[in-house]
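Below, each structure is written out as structure tokens.
Each of the two complexes below includes subunit A, the first together with subunit B, the second together with subunit C.
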Partner chain A sequence: MPRSQSTSERSTSSQQTNPSRWQGAGWPAFVSSLKDVAVIEDAPMRGTFATDAGGTSYGMPHGVVIARSAAQISALLKAAQAHRVPVTVRGGGLTTEGESVAFGGVLLDMTGMSKCLFIDPQKLEVRVEAGIFWASLAEHLRRQGMDYLSAPLNLTSSVGGTLGVGGIDVNSARFGCSADQALALQVVTPTGEIVECSDEANPELFRRVILGYGQFGVITEATLRIRRYTPIRMRYYYYASLRTAIEDLQMLDREQAADYTGILTMMDAAINLLVAFDSGEREAAFDAKWHSRVRGMGEAAFSARAFLSYLVRPWRWGEALFLRDRKRQLFPEFRRPEHTRDGKMEDRSVVFSRAVWKFWGGRQMVIPDLATSSAKFAEAVERGNAVCKRFFPRYTLYCVGIRLREEHRPHYEMSCIPPDAAGWAYGCEFEPMIGDGTWSRDHLQSFKNAIYDIGVEMGASYYRFGGMMKGYVRRVFGDPLVDRHLAMKRAADPAMILNRDVIF
Partner chain B sequence: MRTVDTLIVGASLAGAAAAKRNVDAGLETVILERKELPRHKICSGILSPRGHRFLIENFGPLPREALHEPTSCRGVTFHFPCLIPLSMDFFGGPTPHLHRRYSDHWAIKRSGAEVHDRTSFVGLEDHGDHVIVHARQSGNPVTYKARQVIGADGPSSLVIRSIYPDYPKQIPWFFVGQKFHDIVDCPLDPQYFHFWFHPQLGHYTWSHARDGRQIVGVGFKRGDNFEARHRQVKQYLEDKHQVRLARHEDEEGCAENFGPSLVNRYVFGKGNVLITGQATGFLNMIGEGMSCALHSGAIAGEAVVEARLRGRPVQEMYRRMIASEVRRTTDQWNPLKIAFGKPHEADFPQALMKLSWRERGLVLRDMWNFLLLYKEFKWGRQIAALAGQRLFSAGYSAQRWL
Partner chain C sequence: MEFSSCHGCSLCLLSCPVWRQTRDVRLTPHGRAKALQNGASAADLQASIASCTLCGACEPACPEEIPLIDMILELRRQQPIQVARGDVPSEKEISVGNVLLAGEVLRQDPERLKRIASLLDIAVAADDGSDISRAIECGAALSSERLSSFMGSFRNAKRLVVADGLLLRKLREWLPEARVVSLGEALSTLEAVRARLRATDLYVIEPRAFHADHARLVRHYDALIKARNLKTNLDLQRLAVPTGASSAAKRVDPLDQARWILDGRAFERVVVEDAADCAVFARVTDRQVLHLGDL
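This part shows the complex of A and B:
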């Protein structure tokens, strides 16, 4: 077969983003070989895992295994290799494209392993089981006055799942993506070996598992770097231009002017730049040096400007009413008295996570994203914004910087971090407000494709991809790199059973 | 009596897409097909880019036997009485030229559903919580009990007739037929699908290359004469385009339900019976129905799954979810969208703007004269009203659907 044809076939075969269901060959023999591992086969239990947070992909595992220990997972994976039964690992199930949905085979529910094993305030480390949710971890840490470095705003995601894909927070411009806070992991490899890995011990496995989309092992325990907890002082600046807001965000990140930065839009003409500080000193320094350079307005000035603008444009009064209502619902949520003390926000984790579910959650969620170098970011967001406009009447953009750790470059290979990014990468999530509406999966897929196509054209990456990655991975990273990782995957997982169809 | 979760009538692309969604969700799914698979299907085989993408994303890369020669189509060329050609490439590059006999069979196999071929649908009874379907398998009566039935059996759908016996009388019917000629000399670019906006040639006139032969296709209101229409087009191609063809060796034709997409009069079923694919009336502007069939089929399958998980009536879910496909398809016939949006998968406005002012005038004049051919169906006011409503809403009214 000519080389070019083979490459082209490889490329199109990898674009099957909706995988075929595994039909169950050899399932009874597999189950009976698992003497010490309980496989739940009753339909109601399996039905619990029919979909993920995205609510658009539906699958049905043949059986569910609740994770209890690394030894149990090891036995499961050894049997799965022998019988060639696919195993899909699920933490909080917060994927949006079916990555944690099992299209047949075993669904391994990691929430059965959710203990906080120990906290070391002196060494600033915590050891957890990987199925723990960030919300639970926050509770454990707060009791000792500690905090994690960064976690997804949606705190019902699991630690293991987050380390596998990336994770961002409004302090990622300072601390990097959530996966970068991992110091060491206990991993069960696809062939069932239980291995401890870190930058020093088994570094190659550590590199592949971090940001590895669950391809090279099941994370069962993780040691994370932590820090002292502080309440934060929040500031909001308002913009009518995406580009201006992004330029200011990047300037503040570059000059490390604040401890927390991020952009959240209500509409593309009502953009909020969030800036926050861990201490009064940092805030005072910001006021002295950077406040005057930020081009955003205060809330009152922006409201007055928007009012005048809409006054002479009666055909846009629908927008104005939406903005007014959104503001009335959303703003008090970030200033709830029980979470505010002396003007400081106590526990942003709770405030943000609550707001995420309340205002952006829904039965269907679709959140395609783009991650680019600093230089390409404004253009990527503007193009993505134009796509959102074409598909949905209302949507939100969420943008943050991600500080890169040079020593972690090997972790970033073929991951959410774009290869051309230096210093910081920037990510933008494009989230339509679906609310109680129901859209067809194909409409949502077309929307995602339109966003991801921008990424292919611009040489960007994606920071929380999965299902889409299979469809785009070769176009984004090119055949040589993907083939190298595929060879590593085949060596590590000979029967290709672990988290099938997410990437390969 | 066989009991299943979902029964799909018609082993078409729409049926394959619906089956895939049901099988993925773990539902027991059976497809009935009256012919023996792989079966022949009358079709141009020219797939739009959106349909191509759907096939790849859901079924993987197409095998070679599922393609005709030339294996791909770059786009569409419009021809007019003024003899100014207008060529447009598909957005996103060439698309496959499907051999429906094998492409449909391949997709059906990839869906993972159980197929009962040589099994003809006869009728159904919807009992509220299940549907009893009567069929004949190789001549013997068989019965199925299903929670939901999806009718994906094409324009002359028997499933539609079983729930709306009068439906065929409510819409105008067309006949489309194509004849296959050996080529003596054909200057028409084989990489493009050629379409004629010519009121004297008929309502739908096309030509394209396939497996070393040239297809000459004609579409007209039912009741006209296929032979005479075809002879006229063949002569026109020879006179105006210097296309010299040998006498045709094969021919085929079928009834076409052209019209519902233009005026938003789709039929989506009743109770536990969903209608999908071209049976609903979905048809793109170049007469391409496969991409709509794939997407609407998938949506029908999703609606069944959603309805079960949410405990909602399946028709409610289907009608909510199909709205995006209705919008996409009916936008293609909306004159305001054509003028100011980009509803098609090739750039007509850009191709038009490449012409001189005089040529643009001639082309638009010819298009208008062609549209007058459809005057008797009284669609003009309905299309204008829909275009007006669309200005103020995000979609088209569900009240007009059956």
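This part shows the complex of A and C:
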């Protein structure tokens, strides 16, 4: 059970966890034992991987290995076990808490293995090397009129990295998280065995590797479920209340009224529920049955309302101007003609992802989040929103539902899916707009802690609980569960070399 | 150089032909920028610098808007790559009105060049600056006399149509007042040419000029695609997949790129903007391969 703490127990410094650097004992012997594995030791290449997308956690590997095959990774891990050299696996490196940063030892760059191996349009399956970026996979699939089910909205996260952490898209309320679309994996275990696993073959390994933060093996290949590609028609509803927007989102998800749903806000001043459809029939059914039940306003009505509200509050005109400018910059991005045909958005992942990088990306990113059951979600978001207000003048909230697969419940243990969620889990990311503003690392860390403390108090989980936030793992999941996983980890990885700084 | 702005998002990798063929981040803008941030010199980056085809696909992809082509050209000036020198034209002639700078490959095909000139109703410049383009591409020193004699030859020209996408980028920089358009854009704007494009064509956009002016040209080609219902070599980000055939860098295999462009696409003809692509596609498909000017 989560253990709540008093404020005095939760000092910022006790939560700020940077792993100690592995000192390099036995490194030369390790490298020379690796006959067929090239280890790149020059400083520029090592420095390329010094941080992750978060840009607040820094570490230098002793050497980098570009992944080329399962056999090569097997040789690497066998030697790493023998010489007790840590190996940190990296896909796109889009973690924000240093989970894909190596604090010494080997950095294994999985993007070196990024081929699309085969597409089976009849069985609706694709087999890929796990370092492939979702965007590259989409390029292959679209040539066959296919698409993946769901993937993070950033183009450069890898399949392997995503299966290990979750993967949330605006259609996750329908298809579940990206990790749930994996049908089978090839995994190199921490001791170097190359094993194929799925719900049927080696199911225990499959359970541990999916949503396993790279603790129980390196995913080298993955078979994923795919679907036929369709362009989508988008709609936006605007709200002034977070709670109302969340209630509508959850109603639409429960009733599977739309194919894509999510909330994206500018602070809590402009709350946007986006709804989208794969087909005209789905949209028509929505219009007939659900449109009238959605309490959000259209763009014009909301703008008029906001105008009047700001008119009588001159002390908030700065915010009003910010909202106006943001809208002017952001909206054309979502309506770019080259990505639109017959009023439908093609390449939604490109459109969303480019907007994400352009408007939310930057040299430093902190994106703490809360993942809760449906019932707790509105409260969690409201409390998180209050924290955002205390720490930053400008921020965004991004909320989505994640459909759970009952038969995958064992996969969800000690993951971003909270144990009390049934049917759907909900996630909210709290993203301050840092831009080029300078915030001290302590300020950013205190902000993350304040959000994560809500999770402890509410018995929630987090999408990003590893790396610098791993101090929360025991607090939210409790000692018995964490100790059980630690024992499994020790059994699977005797020298504790694989992604050793991420969770335990 | 603005390499310090790179925050390692990897978006520049997605359309990079060198990345596609090597999966080695060191040979990408991301790898170069990070290496420079970590104290590498141009000499340390020799292999990376030599690998780039200058297709320009990385530049519009970069959310930090780092001038990635200028960055690689600057690195090449510090660490030149070796290639055969282009000929320096001996005759000097002053061009007025509309002028076509045909470039090396087109110049070698006088029939096609004549056809294109007549379609565009344009004079062909005797000095098309291909030696200058090669020098820029390889990082070789440019003599100021040669440059001023080249520029002087069309000082009074009204409109320059340039086949070489790299030279076009530089001419825009050197002659901000002049109307400089790519051969692909000029031809694909002609109604007579557009009308001959078919829905079963696979249209291959010349990447260097396209990416150099991406925000504007993506709309031009989008309109063309919609009007003629074409398939193209644009990827999902609306960046042009290059063959690299016109490049002095030899790391990228143009045949492999061409196969990737054709992969999974149904077409009856391949129509290319870059004359150098004709030979490449002819080797990987038995369908008809045409230059846009041959239509």
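We adopt the following convention: the second predicted complex is superposed on the first by the 485 of 504 C-alpha atoms of A that agree within 3 Å, B and C clash if a C-alpha of one lies under 4 Å from a C-alpha of the other, contacts with A are read in each partner's own complex, and residues count from 1 in each chain.
Note that in this section a contact is a pair of C-beta atoms (placed from the backbone, for glycine too) under 8 Å apart; a residue touches a chain by one contact, two chains touch by 3 or more.
These numbers were taken from a predicted model, which means no experiment stands behind them.
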Worksheet item: Putting subunit B and subunit C onto subunit A via the overlay, clash or fit?
Response: fit
Item to complete: Based on the superposed arrangement, let me know which partner A:Gln81 touches: subunit B (first), subunit C (second), both, or neither?
Response: neither
Fill in: Partner chain in contact with A:Thr111 - subunit B first, subunit C second, else both or neither
second
Fill in: subunit C versus subunit B, contacts on subunit A by residue
C
Worksheet entry | Which of subunit B and subunit C A:Asn385 touches, first, second, both or neither | neither
Fill in: Which superposed partner A:His339 touches (first subunit B, second subunit C, both, neither)
second
Worksheet item: So, does A:Glu139 touch the first partner subunit B, the second partner subunit C, both, or neither?
Response: second
Worksheet item: With the two structures laid over each other on chain A, which partner does A:Ser100 touch: subunit B (first), subunit C (second), both, or neither?
Response: neither
Fill in: Partner chain(s) touched by A:Leu155 [first = subunit B, second = subunit C, both, neither]
second
Practice prompt. Mind computing the angle subunit B to subunit A to subunit C from the CA centres, in steps of 10 degrees?
Written response: 110
Item to complete: Would you check which partner chain A:Trp357 touches, where first means subunit B only, second means subunit C only, and both and neither mean what they say?
Response: second
Worksheet item: Counting only touches as set out at the top, which of subunit B and subunit C does A:Gln215 meet: first, second, both, neither?
Response: neither
Worksheet item: Across all Cα pairs of subunit B and subunit C, what is the smallest distance in the superposition, given in whole Å?
Response: 5
Worksheet item: Which positions of subunit A sit in both the subunit B and the subunit C interface?
Response: 46, 50-51, 363
Worksheet item: Which bits of subunit A are touching subunit B when the two form their complex?
Response: 9, 12-13, 15-18, 20-21, 23, 46, 50-51, 56-60, 103-104, 363, 393, 437-443, 445-446, 449, 471
Fill in: Interface residues, subunit B side, partner subunit A - complex
20-21, 23-26, 50, 53-54, 56-61, 110, 112, 295, 298-299, 302, 305-306, 309-310, 317, 320-322, 324-325, 394
Worksheet item: Across the complex, what residues on subunit C touch subunit A?
Response: 5, 7-11, 13-14, 23-26, 30-31, 34-40, 44-45, 63, 218-219, 222, 226, 235-238, 263-265
Worksheet item: Within the complex, which stretch of subunit A touches subunit C?
Response: 42-48, 50-51, 53, 55, 66, 92-93, 109, 111-114, 131, 133, 135-136, 138-139, 142-144, 155-156, 337-339, 341, 347, 349-350, 354, 357-358, 361-363
